[in-house]
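Per-chain residue numbering starts at 1, and chain names A, B, C and D are given in the order in which the chains are listed.
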Amino acid sequence: MKNVYKIITYILLAAGAVIMLFPFFWMITGSLKTYNQITATPIVWWPVPAQWNNYTTALEYAPFDIYFINTVIVSVGTTVSVLITSIFAAFAFSRLKFRGRDTIFSILLSTLMIPSQILIITNYVTVAVRMQLMDTLLALIIPFTASIFYIYLLREFFNQIPEQLYLAAKVDGTSDWRYLWKIMVPNAKNALITIGLFNFIASWNAYIWPLLLTNSESKRVLSIGLKYFSGEAGTDYELLMAAGTIVIAPLLVIYLFFRRYIVEGVARSGIKG
Amino acid sequence: MKMKKILALLLAVLMVASFAACKTDTSEEPESSKPAESMDPLKEWPSIPAGTVLQFWHAMGGANGAALDLVVAKFNEENEFGITVEATFQGGYTDLHTKLVSALQGGDIPHIAQAYANNIMVYLDSDSIVQLDEYIFDPQVGIEDWEDIIQGYREENSNYPDGKFYSLPFNKSTEVLYYNETFFNANNLTVPTTWEELKDVSMEASEILGKPAFGYDSLSNLFITWTQQAGGQYTNNNGDVLFNSPEAREALQFFIDGVEGGYFRTAGEDNYCSGPFNDENLVMFIGSTSGSAYIGSDTFEWNAAMVPFGKVEKVIQQGSNMFMLKSDEVGQLATFEFMKFLMAPENTALWAMNSGYLPVRDSARELPEYVEFVESGVNPTKDIGTMYDGAWYIYDPVFKESYSIRMAVEKAVEEAATGLKTVDEAITDAAASIN
Amino acid sequence: MKVRLENLTKKFEEVTAVNDATLEFLEGKLTGLLGPSGCGKSTTLYLIAGLFKATSGKIFFDDEDVTRKEPEKRGIGLVFQNYALYPHMTAEQNIMFPLQNLKVPKKEARKRALDMAKLVHISELLNRKPGQMSGGQQQRVAIARALVKEPRILLLDEPLSNLDARLRLEMREEIKRIQRETGVTTIFVTHDQEEAMSISDQIAIMNEGLLQQVASPQEMYRNPVNEFVAKFLGNPPINIIETEIKGGKVDAGGFLMNTGTLPDQPVHVGVRPESFRLDANGSVKAVVQAMEYTGRETLLFAYLGEKLCKVIINADIIFKKGDSVSLSLKEKSMLLFDLEGNRLYV
Amino acid sequence: MFEPRWKTTLKALLYLSPALIVIAVFVIYPMFRSVWISFFKDYNIFKHTGSGFGLDNYKWVLNDGRFILALKNTTIYTIVVVPVSVVIALFTAVLLNSKMKGMKLFETLYFLPYITNLIAIGLAFKFIFNSTYGILNRILGLFGIDTIMWLNDPKYSLPALIIFGIWSGLAFKIVVFLAGIQGINKQYYQAAKIDNTSRWRTFTKITMPMLSPMIFYIGIISFIGALKTYVEVVGLYGNNPGPADTAMTIVYYVYDLFYGANEPPRAAAASVILFLIILVFTFIQLRASKKRVQY
């Protein structure tokens, strides 16, 4: 009986894993096919010979090396700032008692419900016209230096750090500032890494805003590069998939590196809901 | 297919080289129009200082982007004013539109950009769009052989509320009938030229294939074109819906009969018929000439023909236009020089040979290099696409709601094709949804 | 340092956690702040620590009014129920942390931390993190951390409640030792009367926000001011016999007492189990219901009239159910309370 | 512990200010501007002038057949995707929690979809659903199911979107649930084992109640996410939201109205309506959860 359970579990999990991974498989094999092989019947599972030149062709369409560097700068920039602003805000919401705390928090939470697509026109004016940041990497970072969603997540985590630690630190003569950095932050390490990764991934994939706020190739990011492969009457699927693979490959590496923290961090942040 | 692309590219490079070579001899040519200056003292145009830089926002990715870069590079090298155009890819049309809507709120705007006429009409609200009549028809700087520009294009670009030109044709395409020549030859089929022939050939080919033989890429184009081919009307410039008519019903019914009879189909999930066409799942389809780059297979030869007509010879013109944004007098004049350059016969031909688009002038297709290119047989659409009479061209009337109406008729075709509604219901509902 | 509370009141919205408390904690002594959970003792402690702000009333350290002072400026050490050690720091880092807040040079801080570790006997554990230590060890680290900055007052909030029984006894002695060695004025919050009695120089007992009595353990045990205090102290608890004063006399299960001038009224008579004596000449016969033998003494459950009482005897005699014993009472061992629980003095 | 005082309030505001300033400028302010715009019958987006202040746009949107269709589609999408993905994720997490070899590997694989670019993966799904060469119909064919025109048939276009939506949200949920299950005190399970409790009862009586706060949290987050579905539609259908708009969602509608039809005021009105819908339902969920969620 026990073995039957085991076998069923393995079969179900394996089937699930195939479902989860199949789109990746399709994208990666697709990036090695010819244009016609992608839509061919019967299905071409593994292209022989593999069209490695799709990658070289895709890379020629746009300066992906510059894009890559910019994407790293922007992703790291937003991630570091999001972490800092979230740490401050989550600390205030979880440890400091102040008038209007719940009201402010509810208002912030409710803004999660706005479809962000309708905000960008106004934000364009703010950043490009008022702040005069058009065509700078800073413009790609500034609007994303704070995130309600991550403040919410981090607050959940901070709330789980026993309040007594805070009181103990107070009695020990610790300032709020020092407490935050010496006690809260080290204890929330996993959550912070997870939030950082979430934000990094989101920033890495961001498309419309970077496009709006940049004109020079020297200021653009990877996801804009994906747009080169779709025309008004068709799409170069094989090149798009190659470019898509190029874009997510760094994320894949980062993910495998930080995997342990993601699982733990999500866990913690989810526990209290 | 790869070979053809490479071949085309090689050819293009050769041509640029030869253009550049002969251009050096004739670089004085534009000077010949200069004497006109003294003839019209009313307008005093500034001189364009060397080093003027123009921004050009476009939506041409991939091979089209490369072709545009080629033409822009040619301009930067050859223009007598020392103007440099910086062309920037801004994503797809939707992205570019989003970007323009944003930028026109007071941000940095380019000197020239690309857009569909209905969007340009929206930009007019910003008061930042330059009315071009005073440039086009100016005796000094204007376009002399104006009539050479294809009639349909001229009409579309002056179809704004005040009847003035706010744009000029840039990347234009039209629809052709693509067909699998190998299949047609093997089965002794003739390329259809009328609806009835289209129906007969499709039925015959479908018998052989065991699946629908003919497809139509753009269902809104289908509705707009076939309604008018059937003698009906679509909308007028006031935005009045005119397609709630027997002709529209007849046209749509003709298509739906084919879908239900199993010999016509839509692109549907494939988005474009080129995919199933390449896979030999259908043997002919009506699609944009700009899609020709996506067609090709190692297993068969393809060709293109004029679209089959109904009672009236009508064919849609597609693609977008270029428009000028306000800057200073010098910038605007320089921009106009660039626009003129893009529309010059040899340049629009160069553009057409390297991109998915067609020349905007009748004379361009007579140019030896273009003739040679067409005869090389690299891309039959480059020939077919230029064969339509300028008067056959139809276009979306330019008014704010034209997009919504296009969406509504596309939905109507889909509703009828998927059996959600009858042809009559679909058309009635589409008309009602707009008023 | 003396700590004095004057009319101290703390309200949380509708609840009054501490109600008009006035009391003095003795300098250099260990005061147990005792009461059932929710009685306001921890609140009082946090008020002294400055973690809560008083609604009204004043707190003095010696003659200095600290009521409005921030906790970090009060010079106190506080040990929490769960120790509140910083989980990501080693024992040494935990102990040094307060000194770093005070910007004590690292070298000196380390030396003081080592001294403190020696005092609380954890010198060999300095490199461990809290998760790698037992409850008792964490407790010692917490005390070391509280003491390392040489506080004027050491506050302990139920510090033993998370330990098992044996460790609790051990730590109790340790705390007493450390307090003696350092001589720091100490306030110790607990709900365990035995703990409070054994460790404290002075006990303050609270109930429902009200301070009941402040006295030495012996005095409080022998001379409780009200029925609550009488009942709260002592294990097994005091026997309460419901009876009445009639004509200057009261009869509690057969034991009689002159009540002098007290008017006739229903009363509760409290008699501690150890106040009984086996006495062949005893005036009262009690019927044994059950007995428990603990080795040191014997606890009888016996009926005094209709009231089942606990009786502690030292004799090594085996009783059976239904046996009859004659008992007498030690001098002045009957405590009288009125129905409000107030002590009636004869 | 500390009661709010002016001093602490000031200090808190100082800590909040970096986030608050950014959010106020880039979320709150544009949000109010959208609401403001939504009341103008005619609005010049470039010059920020409008005329015809009133509720006309709201009336128009509420009477627009496309909006009603989008609302219907979004509602169906949400009420299917949220519970189904939660159940599948919960089930998968329970399986992943088995004390068996290779579970770490499976965990890694199951979380992989979180890092993807939905547009690129949408393309892959488009091929999976294709009726000619798609893998899905091949597999269904093995079970004797006839070819389904997933993306062509109006009956299946929304189900296809739903399948994609479930897939794309699974990774995050599985990991949260898995971590939650691993956080449940082992003693409960040992006790259940001693009592000879069945697996199903253990799941319903221990795992589910212990996870209820997390299920609620995930529920709210994915509910809001589902009502805001947009990228999934573009990924799967590109510029045409399913045959005859059968896979059009509200946010797609808003976007199309804004940038396609160039009707910012109406788009703003539609998004305000969406905002109100989400707000009301979230409020109801929060209320209901107070009774249900066990800590």
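By our rule, contacts are C-beta pairs under 8 Å (C-beta built on N, C-alpha and C of every residue); 3 or more make two chains touch, one makes a residue touch a chain.
These numbers were taken from a predicted model, which means no experiment stands behind them.
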item	value
Selected pair, greater C-beta contact count between B-D and A-D	A-D
Chain of greatest Cα-centre distance to chain C	B
Between chain D and chain A, distance of the C-alpha-averaged centres to the nearest whole Å	16
Centroid spacing, where centroids are CA-atom means, of chain B and chain D in whole angstrom	39
Gap in Å, rounded to a whole number, between the CA centres of chain C and chain B	92
Distance between the centres, which are taken as Cα means, of chain C and chain A, whole angstrom	55
Touching two or more other chains - residue numbers and ranges from chain D	1-3, 45, 130, 132-133
For chain B, residues that touch 2 or more chains besides their own	98, 101, 105-106, 270-271, 276, 279, 281
Shared-contact residues (touching 2 or more other chains) in chain A	39-41, 120-121, 167
Chain B contact footprint on chain A (complex, rising order)	34-36, 39-41, 61, 120-121, 124-125, 128-129, 134-135, 208, 211-212, 215-217, 224, 227-236, 239
Contact set on chain B toward chain A in their complex	1-2, 55, 57, 61-65, 88-93, 95, 98-99, 101-103, 105-108, 173, 217, 270-272, 274-276, 278-279, 281, 287-288, 290-291, 293-294, 296-298, 319, 356
Interface residues, chain A side, partner chain D - complex	6, 9-10, 12-13, 16-17, 19-24, 26-27, 30, 38-43, 84-86, 88-89, 91-93, 96-101, 104, 107-108, 110-115, 117-123, 126, 142-143, 145-146, 148, 151, 163, 166-167, 176, 201, 205, 207, 223, 226, 237, 240-241, 244, 247-248, 251-252, 255-256, 259, 262-264, 266-268, 270-273
Parts of chain A lying in touch with chain C, wherever the complex brings them together	162, 164-165, 167-175, 178, 182-183, 186-187, 189
Residues of chain D defined as touching chain B within the complex	44-48, 64-66, 126, 129-133, 149-154, 238-240, 243-245, 256, 259-262
